[in-house]
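Next come two complexes, and both contain chain A; in the first it sits with chain B, in the second with chain C.
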Partner chain A sequence: MRSLKLIWILAEKDLRLEYRSRQAFLTTFFFALLILVVFQFAFDPGSTALREAAPGVLWTALLFPGVIQLNRSFQLEKEEGTLHGILLSPVERSLLFSGKFLANWVFLVAIDLLIVVAFVIFFNFSFEAKLAWILLLILLASAGFSAVGTLFAAMVSGIRTREVLLPILLFPIIVPTILAAVNGTQEVLLRHQPQFLVRWIQLLSAFDIIFLAVAFIVFDYVLDE
Partner chain B sequence: MSSTNNQDFLPRSQKWLQISGWLLPFLYVLIVAALYGAFLYAPRERVMGEVQRIFYFHLGSAWNCFLAFFAVALAGVLYLVTRNEFWDHVAAASAEIGIVFATIVLATGSIWARPIWNTWWPWGDPRVTTMLVLWLIYVAYLILRSSLPDGEKKFKLCAVFGIIGFLDVPIVWMSIRWWRTIHPVVIASSGGGLAPKMVHALMIAVPAFTVLYLTALLLRTAMHLHQGVARELNQAVLERGRP
Partner chain C sequence: MPPSTPILTLSHVSKNYGIVTALRDVNLEVYPGDFIALFGPNGAGKTTLLKIVASLVPPTRGELVFHVPQPGKVRQLIGYVSHQSLVYNEMTAVENLVFYGKLYGLTDLQHTVEGLLEKIGLWEARHQLVRGFSRGMKQRLTLARALLHRPEILLLDEPYTGLDQHASRLLTHMLRDLRDEHKTILLITHNLSEGLELSNRVIIQNRGEFVFEATRASLARENFENLYFEVIER
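Take a look at the complex of A and B:
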């Protein structure tokens, strides 16, 4: 009970900070919007090729802004020297990880939902009940993304080249998440084969469970102040 | 505040250099035998022709690439448990050699795939794509290594990434296989029925490459260790020179 409360306090602090400034939220949302627009220029707008590629475009637009947010989550603490304070307080490192993970996850899901709305409009899909499946994919994929991403963000937070280093470390590892999310979205929007969609959801869940557990255990080793 | 001292390992590294010295003649014989086996002893494949002979080197490298990356993860676990810098040297050496083998696997596979599958890069084959992701993961590992100054923090972070990278391999494999089975599979897995002489050639090529890996690992680990010793001596001199 105490742990859950501590996790929530840690996560709520980050979310409140973001809610008050809305700095990262607006920047990352705008960045994602730009990616959606750039792809319209890269392909022929309204062509079948672009429609076929739409799921890939959506997840590309979610991926890159996500990395920015992950980098920020430890950067602010470093700059203000507040990480030191948290580490000095009687909180286990694994709870600190959980709190950071929760904040990143909530942030990403919130921003992803907004981007999906923009995506449906730009790509001329329709708002219908089956989008609930995309919501599920977003919840699961951003959980895996935040689990590995929060761990790696903590790892690179002290390195000068962290902005480029984080995606270099993160993207190869989350290849299964990207594949499952893109293909799951393809099943929802274009192909409608529920048995494959279920398979991708299973893969996402397995990835989440494995890497949440691993990150929870090894987080202790990556922060030393 | 390093708990371990690289100089303590110097006698041990002398022994490795000695062992790798003994391994070298053995390695020469094995490699020549593997070349003989692949190019002269093994029969010409009826359908694929001469290009099939690349398979012996391809498979020998593939096996050792997995062995090397497994060693990175294992050394990572051992480092986190013992906090002994020695295991970081092993992990670094093994990752470097593993990437060389992975590059050989990708290059030989590509050279083979062009005449046989009529494509340089068959994205449809899950093995190729998994190997590419593996290659990316361990190149990222080396980039992480090079962006951190030597010290306990670097060893810890690299150990963690090495472990996570290896845990990711089966999941990557599964996801890519599912991805490709949904699309039409153009390429069926080849092999299966190898002629006995081909099996013999393979049975020489794989151990030859494994001895190559072990020799390189000994030499490379010793080299990393000596770099560590040089670093420590350098620090000691700097500290003593301070007024």
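Take a look at the complex of A and C:
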């Protein structure tokens, strides 16, 4: 119970800091919006090509800008040495990971919901009853992305080229998550074959569990100077 | 006469960062109630030593042992003030202390935080964002954060840096009080007179090694500056 409380204390602190500064929120949201605008101009409105590419475009806008938040989540702890402040306290490092993961996950899901609204407007897609499936895909894909991303963000936080290094390390590892999310969205929006959708969701869930377990175990070692 | 059992022992501790040796075969016994002033030029390895004692950095070689009833709860015993403030700029003084207090699992947190803020003279500014604090106010909050869980061992890394005369005086008074409460204190400072006045043991470190150790009582204040430079330039 104490562990859960500590995870929430750490996550709530991160979310409060972001709410006050809105630094990551604004940059992430406008980056995602820019991606949607660029793709909107690249395809003819209402074309088959646009419909086929839409799931890929959506997930590019949902996940790629999230790197900004991941980088920021450890950068803010380095500015005044507050990471040391937390490490000095009797809080296990795995709980620090869990708190950071939770904050990043909540942030990504919140911003993804706004991006989905923008996607509906830009690409004239109507989700209607399918919205629940899209939300499930967002929850699961963001969880995997945040788990691996939080781990790698901690690893590179002490390196000067962290902004470049993080996506290079992160995206090859989360290929299964991106693949499952894009294919799952294709099933929801275009193909309408529930049995395949369930398989992609199962795959996403399996990778989430693997990513979370590995990151939780490994995190203890990545913060040593 | 120091108590017979040290609270902390460092045996043959070394630390390498790649090919750079920051600390070389350091041995130290710290007794409860000791106030050790650690002097030395920049790059002598003093901060590395404090980080090892704070368990923020593992030593490359050697051993660090805390002689305490519950070795698993060593972090509860340590208060650490570093070069950085260790507080969040986008949070108020109260929010910072409450956050850290929760991490330490403190009971009666509200009362403790209020008492500390009054003691360090930040009561009026308690609801201001730290972003707007002066260097002196920030340093006082840093000290409050380090004292929040009433640690037995205090590690202070150049706490006087950037403080004006008023804030320096306040800090000296606080350190005196802590010394009188028999807290164990390791103070890194470039301020020879302050360090000498407060301490009961003096160590000079250079190039990762202890090059001079003495009790305060055995040192003459007026000659210490000459002695310091003599030792450093040796």
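By definition in this document, the second predicted complex is superposed on the first by the 223 of 225 C-alpha atoms of A that agree within 3 Å, B and C clash if a C-alpha of one lies under 4 Å from a C-alpha of the other, contacts with A are read in each partner's own complex, and residues count from 1 in each chain.
By definition in this document, a contact is a pair of C-beta atoms (placed from the backbone, for glycine too) under 8 Å apart; a residue touches a chain by one contact, two chains touch by 3 or more.
This is a predicted model, so every value here is computed, not measured.
Colleague: Give one of first, second, both or neither to describe whether A:Ile86 is in contact with chain B, with chain C, with both, or with none.
Modeller: Touch status of A:Ile86: second partner only.
Colleague: Tell me the contact category for A:Ser21 with respect to chain B and chain C: first, second, both or neither.
Modeller: A:Ser21: touches chain C, not chain B.
Colleague: Which of the two partners, first being chain B and second being chain C, lies in contact with A:Val175: first, second, both, or neither?
Modeller: first
Colleague: Can A:Tyr221 be said to touch chain B (first), chain C (second), both, or neither?
Modeller: A:Tyr221: touches chain B, not chain C.
Colleague: Could you say whether A:Val38 touches chain B, chain C, both of them, or neither, answering first, second, both or neither?
Modeller: In the superposition, A:Val38 contacts neither chain B nor chain C.
Colleague: Does chain B (first) or chain C (second) touch A:Ala132, or do both, or does neither?
Modeller: neither
Colleague: Between chain B and chain C, pick out the one touching the greater number of residues of chain A.
Modeller: Comparing touch counts on chain A for chain B and chain C gives B.
Colleague: Tell me the contact category for A:Val148 with respect to chain B and chain C: first, second, both or neither.
Modeller: Touch partner of A:Val148: chain B, not chain C.
Colleague: Which parts of chain A are in contact with chain B and also with chain C?
Modeller: Dual-contact residues (chain A): 224.
Colleague: Note which residues of chain C are touching chain A in the complex, please.
Modeller: 51, 54-58, 73, 75-76, 78, 80, 82-91, 99-100, 102-105, 145
Colleague: For chain A, which residues are in contact with chain C within the complex?
Modeller: Residues 2, 5-6, 9, 13, 16-17, 20-21, 76, 79-82, 84-91, 224-225.
Colleague: Flag every residue of chain B that touches chain A in the complex, lowest number first.
Modeller: The contact residues of chain B facing chain A are 80, 133, 136-137, 140, 143-144, 147-148, 152-153, 156-157, 159-161, 163-165, 167-168, 171-172, 174-176, 178-179, 182.
Colleague: Chain B touches which residues of chain A in the complex?
Modeller: 148, 151-152, 155-156, 158-161, 165, 168-169, 171-173, 175-176, 179-180, 183, 196, 199-200, 203, 206-207, 210-211, 214, 218, 221-222, 224
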